[in-house]
Every structure is written in structure tokens, then in C-alpha cells.
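Common to both upcoming complexes is chain A, partnered first by chain B, then by chain C.
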Partner chain A sequence: MNRILPILSVVTAIIAFWYAAVVPMNIHGVLDQAERDGVVVVPGTAKARRDFASLGLVMLNPGQAAKSWMQERPRLPAPHQVAIELWQTTVEKKVTSKRSLVFHAWVTLSATLLGFAIGTGLGVLLAVGIVHNKAMDMSVMPWAIASQTIPILAIAPMVIVVLNSIGIQGLVPKAIISAYLSFFPVVVGMVAGLRSPDAMQLDLLKTYHASRAATFWKLRLPASMPYLFTSLKVGIAASLVGAIVGELPTGAVRGLGARLLTGSYYGQTVQIWSALMMAAICAAVLVGLIGLAQRLILQRMGMTGR
Partner chain B sequence: MIWVAAALLFWGMAWALNAWLARSRHSGLRAVRIAVPVIFGLTILVVWELLVRGLNVPLVILPPPTMIAATFGGNLAILWEDFVQTFLKGALSGYLIGCGAAVALAILIDRSPFLQKGLLPVGNFIAALPIIGTAPILVMWFGFDWQSKAAVVVVMVFFPMLVNTVQGLAASSAMQRDLMATYSASYWQTLLKLRLPAAMPFIFNGLKIASTLALIGAIVAEFFGSPVRGMGFRISTSVGQLALDMVWAEITVAALAGTLFYGTVALVERGVTFWHPSQRK
Partner chain C sequence: MVTGKMMQGGAVIEACGLNLTFQTNDGPVHALRDVSLQIGKGEFVSFIGPSGCGKTTFLRVIAGLEQASGGEISVNGMTPDQARQARAYGYVFQAAGLYPWRTIAGNVRLPLEIMGFSKAEMADRVARVLELVDLAGFEKKFPWQLSGGMQQRASIARALAFDADILLMDEPFGALDEIVRDHLNEQLLELWKRTEKTIGFVTHSIPEAVYLSTKIVVMSPRPGRITDVIDSPLPRDRPLDIRDTPEFLEVAHRVREGLRAGHAYDG
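This part shows the complex of A and B:
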């Protein structure tokens, strides 16, 4: 209770702020509609209102404020509008329908998960190579670290279009971007993890005459787990962003990124916000699942997971 | 075929050289530590060039590095204009506003443990979300020019920065704060002389994370609409024209800008947090 109460009040404050912000954001549109319906508004014409600040218009027309929460195409939809849209497009639509957000989320999630699996696998392999081969360490590691400062996402459109031109479409190009984005965090985290056993522990295994393979399986790999999970959480969030951005450049019709793009083309703000919420839910679930796996596995291994 | 064989040969020789350098007595030297990754990078460029020429890879799939360099050199004016639009106007202004606002809010909520307990998990949660998705909304609100890009950057950098600063402000130990209390230091004196300096490693960690996010946000936001200049605009239109050499030149600019930005922040960090163990030689 001690922990939940502050979080709840912050979330409530955010939602309250959101509702309050909806009124000035939408007041222009509301007043235009009211004028067309024959209601007297101050000032009387759209042209005169354009020069007014939004807050001033709210003050002059307090009676119209409530309508700003139920516009069809608001500049900023109210939270309940987004929630209703989410409910209608997830629960009330068949999962196979093109209007179902579950369908679009699955399109994006499948690319995310495939890419994440590839990126993590290759990242762990490269990390093992780096730890065991000094030449590789010295030549690759600086680039892996430097690559984290580069906006890798900028190559997403190119990857999509180039693969498209040689006939690869759909899931794979997006997965490649996802893989690329999750690859470097995993490499850097895993190298740090495999190096985390201290000299004392390594010396002990040496006195046991343990082979390099045995040292790897019995000491380095278990010791790297906390580091691995931390970078997996970063990696899966990056993978999801990669899959969403990967859907933008080709004008894809399926996936959360496509929902964002079509929403912004046709001014369907409620659709954008619901796609955004769905992406947030996906990210939260994915990161949460990895956190859960982290807790369970580290507990089972006798490490205090955090 | 000769090109391909040359590529393989070059790869083998460069790798042997690196392996020899790494195993030699001098591997600890600073010069060698820099030379090895440089050799590796050059090798990739040379092999890329040779393979593209040898296998006759079409230019619309992968242009050779020399061609990218030529495009880069031939279009400096355009690239500079894009850099100014996206980096200086969009990313940098958003970065300063977002990080400034986050630090200010962190100092404000720092006085209330209740707010801290509430905002920290929420901020952590939001920092993991695909915030880049707000780009179409913000472009709709703030128009196509750099203001909307700056807004995207503000939203992207705000939460990582907030979380790091709040953690940093809690970094000074009770003993240190007690000492300040025995000096009868006021809240502001404690903040300026103890807690903010102690928070600097955390703040700079946030600043470094945010520097990468800022550039990503500014570029991706341009995919949702922009005036006819900017790095994201140039990348998406050049991809459409299959002018991949221009795309690669723009990516080079983005990579250079990102690395320099990060490097600058890291350099300032070294000056400010010279006392921290991670900065000691």
C-alpha cells in the first residue's frame, strides 16, 4: 500500500492533467462546430477566433468545454475516447479482422520477437568470441561501444527498401532491423557479464585445472546472467521500436507502425493514440516478462535477482 | 573473381596482423590499442569495396564506400543544411529543453518523498515505452518544421533524464548530509555544494543516454513530415529515389554527429566528475 498509493496518485494526476489539457486543445474545433449548429459563441466567426489564445476562448465560452471531450476528430482525444477505441478494436473485433488492434499488434510483435531472438543469439555469440579472443576483443569491442552512440534507426528505411527490391518482404526486413537494434546492447552487456568473475574465482578454477570450456560453463556463463537480463530488457524495448519504425517507410498496411502512419495521414487522432497505447502495452508486457524470467531464473540460481 | 580473391586475401592478412598485434608484447600500448580497431574498420571498408566491385552488386542494393565518399564530398552544402535543420535546430534545442526541464522537475520533487515514490516507477515505466510513436501526434500539433522535431526530442529525453537525476540526488550518503546539517547549511547550500555535485555521475549518465535518443527522435520524426530539408527527410526521399549513395552519406553524417555529440558530453563529464572512481586512471 505504501508503494502503490504514490504511484496511483501520480497516475491520477497525469490523467486529470490530460482531461484538463483536452479542453484548450480542442476548443477551436468545438466552437466551429457549435457555430455551425447555431449556438451563440464569442467571438462569432472562425476567423476572429483564430487570433484568440485557446485558454481565452475557454474563458469566454465555458459552456462549450464539455463538448471538447467527445469530439469525433479531436486534436487531443480524451482518455476515455482512447480507452473506448482500444476496447472496441481489441475485444469487440475478431482477431483476424484488419481493424483489430490485436491483429496489428501481433504483426509487429512477431517481427519484434524474431528480430530479438536473432539479435540476442548473435550478440551472445559475439560476446563469447570477444571474451575468448584478444584480437577480436581489441578490434571489435571499440566499434560495438561506438555504435551505441549512432542513431542506427536511421538505416531502417534503407534496409526495408533494399530488401524489398531483391524480393524479401513482410516479416524478415522488420526483424532484421529489430535484430540490429537489440544486437549491440546485448554484446556490450554480455561482455561485461562474462568478464564479471573476479581474478580470485578464475584463479580457483585454474587450481582445479579446469579447462577453458569448463570455466566458461561453470563460472563465466552463470556469472553473466544478471548482466544478460539487464541488457535483454534494453534490447527488447529497442527491438519493438525497430519493428514499429520498420513499418513506416514502405507504407505498410499492417502493424502498429502502419496504424500510426495511416492515422497521421487521415487525421484519425483516436486511432494514433490507441495504436500508441497498444505499443506501450506491448512494451510493458515484453519488459515485464523478461523481468519475471530474470527474477525466477536468478532466484533458482541462488542469486538475489533485482 | 580477382576482386573477391583479393578481398579474402586482404581480410586474412589484416586479421593476421591484428592477431599478431593483440598477442605481441606491445598490446598494452595506447598506439596499438587505437591501431587495432582502426585496422579492423579499414579492413571492412576495403573488403566492402572489393566485394561490391567483384560481385557486381547493383548500386541500388549497396554502393561501394568510394562512391559514398564521393557523394559526401560533392554534396557538402546539402548535407550541412540537413545537419543544421535536424541536429542544431531539432535535436539540440529539444535536448536542452528536455534535459533542463527534467533536472528542474527532479529538484522540485526531490523535496517530497511521496512524489518521488510515485514518479520514479512511472518515469521508469514510461522510459521503456516506444515514445517515438508520439512523433505523428506532435508533428500534427507543432507543424512540419523543426519545432515538432524538438518537441519529440523533449518527450524522448525527459523521462530517462528525470529518473537518473532523481536517483542521483539520492546518492549522497546520510553521513554527508548530516555533516552539512552540523554546518547549519541551508537547503540550497546543501543542494548546490553537496547533492548536485554528488548527483553529477548520474546526471551525466542520463545526458549520455539522452544524446543518442535526441538524434534518433529528430531523424525519425521527420519520417512523419518535414520541410524539404533535414536528415530524416533526405534519407526517406533518397531511399524512394533509390539514391543509396546519398542515403549512406547522410547516415555517415548522422553517425559522425552522434559520436561527436556523445564524445562532447563525455568530455564535459570528465571535467565535471574528475573525482569519481570511474574517471580515475
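This part shows the complex of A and C:
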């Protein structure tokens, strides 16, 4: 209970700030419309208003402010407009409809999950190699870091084009872009996790004359679990970003990225914001699910702080 | 009456002119210089001295966890590394180091799994050693459910599980309070009598060393070396109140003298 109050107050503050920001953001459009409707506004012409600061216009025309929250095509939509759009495109549409946000979210989610699986698998394999092989330790990490310094927006079109030329389209290219982003936190976390057993633990296994395989399965892997789950939380969020970015350069017609793209083509800011909200909701649910798995598994393993 | 040297057969551990130098940023550190010692089968040998005297290092050299830079050492007639590979000893560290994700039985089973014992054999041995350290009935508990003393007993059971002849213990009770420590000392003597193992025991407690040992090795630092080797005149049967007898106090006095001499040398 005592966590709900702070959360609610932060949410309230954000929404209040949002509503306040909507007014100056949309005031130019509101005044243009009012002028066409014959209402007297100050200054009187669109040309004169263009050079005016938004806040100044709000001060001069306080009566018009409320209209900025219910524009047809606002520059910044008000929270309730986004909420209504979200409701209409999720609950009131059949999920098979091309206008359903659930449908688009699922398209993106399937690429996210596949990409996350590939990225996690690759990340774990690389980490195992780095921990067990001196050459890989020296060579792989710099490349992994370099890979993350290249903007994903630059890589994504090339991945799509290259894969398309060998006949791979649709889900897989998006998943690969998504994996490209999500393998990195898994590598970093798993390397730290696999190296987390201290010298004493390793000495103990040495006194048993344990093989490297036994050391890995009995000690390193179980000890790395808390690190793995922390990385997975970062990785799944990165996967979602990757899948959305992967939808942008293809001119895809399905998926949250496609919704963002068409929204910006047609100036449909409400659509953009509702797609963003949907992406945020998906990310929250995914991270939450991993957090749940983390709690259950680590508790079973007796590794939660007691 | 069994007192003094307990050589039944030859020496199990034999060190001769052992040297070990660590290279550090501040120049070489002589962890061990010219250390010679013989440990017979079934002896309980304590290594005592201030920190930096090389007592832990010596134990680690015996265990093959550290390589000597000079001199000779043999364990069961082999090099320490061969002895380690032959699984000749169980090692108990200062921290119990139990795996939190394994039950107590699972932790004791760990070396047995690694060494490839059969399932029935494992169950048998786990039950036997847990009974030996008085932890029968705690098989299914997790380490966090046990006190520090019980965890350390579980780690001793783990070291005993594969029936090595030699038990090496590096300040196993150092992190425990005195009451628990007394109790564990008594139990350890009992266990030693029942299993007839050769035990190497590092400590910096004089009463603990005198109470437990048939042989006390006094060491001093910079460079790490042996200043005195005392064969205890105390009988094998040692109730806790033996610590108030004149014989006990006399040995303790000699240990203290040895430690002081080491310090005087140090300057």
C-alpha cells in the first residue's frame, strides 16, 4: 500500500505536466482554426503569430487554451486523446483487424521474442567462450563493444537489404536486428556472472580435481543466474526497440514501427503516441514477466537476499 | 598411553628446505623460507603464528594449490599435485562456502558427484558423514537455514565425504564465536579419533592449537618460517577441562614463548 501513493503522485505529476505542455504546443493551430471560425484572436493574422512565442500566445488568448486539448490533429495530443485512441484500437477492434493495435503489437512482439531468444542464446554462448578461452577473451569483447557503438538505425537497413537479397524477409530480419541489440547486455552480464565465484570456491573444486566442465555446470552456471536475469531485463527491452527499429526502414505495413511510420507520414500524432504507449506497455509486461521468473527461480535456488 | 610422536608407518607429509617467494609490486615477499617438517600418519598438526607467517601458504603448498619455488615436499610419497589429483585430501576453508542453491545433502554430495560415485554410494556416504558431524536430519535444509557453526560442520562433512586420508583445515573456526568454537573443537577431536585421519590445522588461537594437536608448529613472519615444533605431551583423550591442567598450561606457555621469540627476531 505505501508504494502506491508515491507511484500515483508521480503519475499525476506527469499527466499534469503533459496537459500543461499541450497548451503552448498546440496554440498556433488552435488560433488558426479560431481565426477561420471568425473568433477575434491576438495577433490577428497567422503570419504575425508565427513569430510569436507559444507561451506569449497562450497569455494573450487565455480563452482558447481549452481547445488545445481536443484538436483533431494536434501537434501534441492530450493524454485522454491517446487513451481514447488506445481503447478504440485495442478493445473495440477485432484483433485480426489491420487497425487493431493488438494485432500490430503482436507482430512486433513475435519479432521481439524471436530476437530475444537468438540474442540471449548468442550472448550466453559468447560469454561461455570468453570465460573459458583466452583468445576469445582478448578478441570478442572489443568487437561486441564496437558493435554497440554503431547506431542501430544505420545497421538495420543493411541487414534488411542483405537478407532480402538472399530471399529472407518478414520476421527473421527484424528478429536479427532485435538480437543485435539484445545479445550485448547478456554477454556482459554472463561474463560477470560466470566469473563471480571467488577464489576460495574455485580452490575448493581444484581440491576435488574437478574438470572445467564440472566447474562450469556445478559452480559457474548456477552462480551466474542472478547476473543473467538482470541482463535479460535489459536485453528484452533492447529487443523490443530493435524490433520496432527493424520495422522502420522496410516500409512495413504491420507492427508498431509501421504504425509510428504511417502516423508520421499522415501527421497522425495521436496514432504515434498510442503506438508509443503500446510499446511501453509491452516493454513493461515483458520486463515484469522476467522479473517474476527471476524471483521464482532465484528463490528456489536460495539466492535472494535473506 | 599414546603420547608424543605418533608415527604409525612413515611420514605422510614430508617437507624439506621449502621456499616460496611471491613477486609483488613492492618486491619479492618471502612467504616461506627453509621450511622442513615431517607429519606422521594419524597426527593432528596445528600451524600457529601471526598473520603473514606463511601458515596458510604452507597448507596450500601441501594441498598443491600453491607451488613452492624451492625445496622438496611429498604427500603420501607423491608430489602435492599428484596427491591432489589422487584426491588424497579434503580441504576446509575459513568460510563454509556452501552453495546456496544446494541443500545440505546436496552440498556434501558435490565432491562425490564430481568424482563420479554411484547414486547409492553417494546417498550412503552423505548419510554417514552428516551423522559424523552431528547433522543427521538436516539433509533437506538449505545453508541459510543453518547457523554459522552448523554450516562449517556441513563443510567438514563435505571434505570427509570422499574418504581422503588427510584433512587440511585453514582456520575453519576463525569466524565463529568462542562458545561454538569450543563445541566444534570437542567434536573435531571426537571425529579425528573415530576416523584416524591425518589433520593439518591452521589457527591463530593458542588454546585451540594446544587443545587439538599432537604436534604444534609455531611459525613467524618476514620471512615465513618455523620457529618451534612442539610434540604435545597431552593424552589423546581430551575433555575440555584438560585446558586447566598444568601440562596444558605448560605447552601453551611454550607456544607463547615461541611466538614471542619470532617477534623478537622481527625486531
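We take it that the second predicted complex is superposed on the first by the 291 of 306 C-alpha atoms of A that agree within 3 Å, B and C clash if a C-alpha of one lies under 4 Å from a C-alpha of the other, contacts with A are read in each partner's own complex, and residues count from 1 in each chain.
Here is the rule we go by: a residue touches a chain if its C-beta (ideal position, glycine included) is under 8 Å from a C-beta of that chain, and two chains touch if they have at least 3 such contacts.
Fair warning: this is a prediction, and the values are worked out from it, not measured in the lab.
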{"item": "Side-by-side fit of chain B and chain C on chain A, or clash", "value": "fit"}
{"item": "Superposed arrangement, angle subtended at the Cα centre of chain A by chain B and chain C, nearest 10 degrees", "value": "70"}
{"item": "Contacts of A:200 with chain B and chain C, given as first, second, both or neither", "value": "second"}
{"item": "Contacts of A:222 with chain B and chain C, given as first, second, both or neither", "value": "second"}
{"item": "First (chain B), second (chain C), both or neither touched by A:6", "value": "first"}
{"item": "Partner chain in contact with A:59 - chain B first, chain C second, else both or neither", "value": "neither"}
{"item": "Minimal inter-chain CA distance - chain C and chain B, angstrom", "value": "10"}
{"item": "Residues of chain A defined as touching chain B within the complex", "value": "2-3, 6-11, 14, 75, 134-135, 137-143, 146, 148-151, 153-155, 157-158, 161-162, 165-166, 233, 237, 240-241, 244-245, 248-249, 256, 260-261, 263-264, 267, 269, 272-273, 275-276, 279-280, 283-284, 287"}
{"item": "Contacting residues of chain C [partner chain A, same complex]", "value": "63, 65, 84-85, 87, 89-91, 93, 95, 97, 99-101, 110-111, 113-115, 142-144, 162"}
{"item": "Parts of chain B lying in touch with chain A, wherever the complex brings them together", "value": "15, 18-19, 21-23, 27, 33, 36-37, 39-41, 60-62, 114-119, 121-122, 125, 128-130, 132-137, 139-141, 211-212, 215-216, 219-220, 223-225, 231-232, 235-236, 239-240, 242, 244, 247, 250-251, 254-255, 258-259, 261-263"}
{"item": "Chain C-touching residues of chain A, taken from the complex the two chains share", "value": "200-201, 203-211, 214, 218-219, 222, 225, 301-303, 306"}
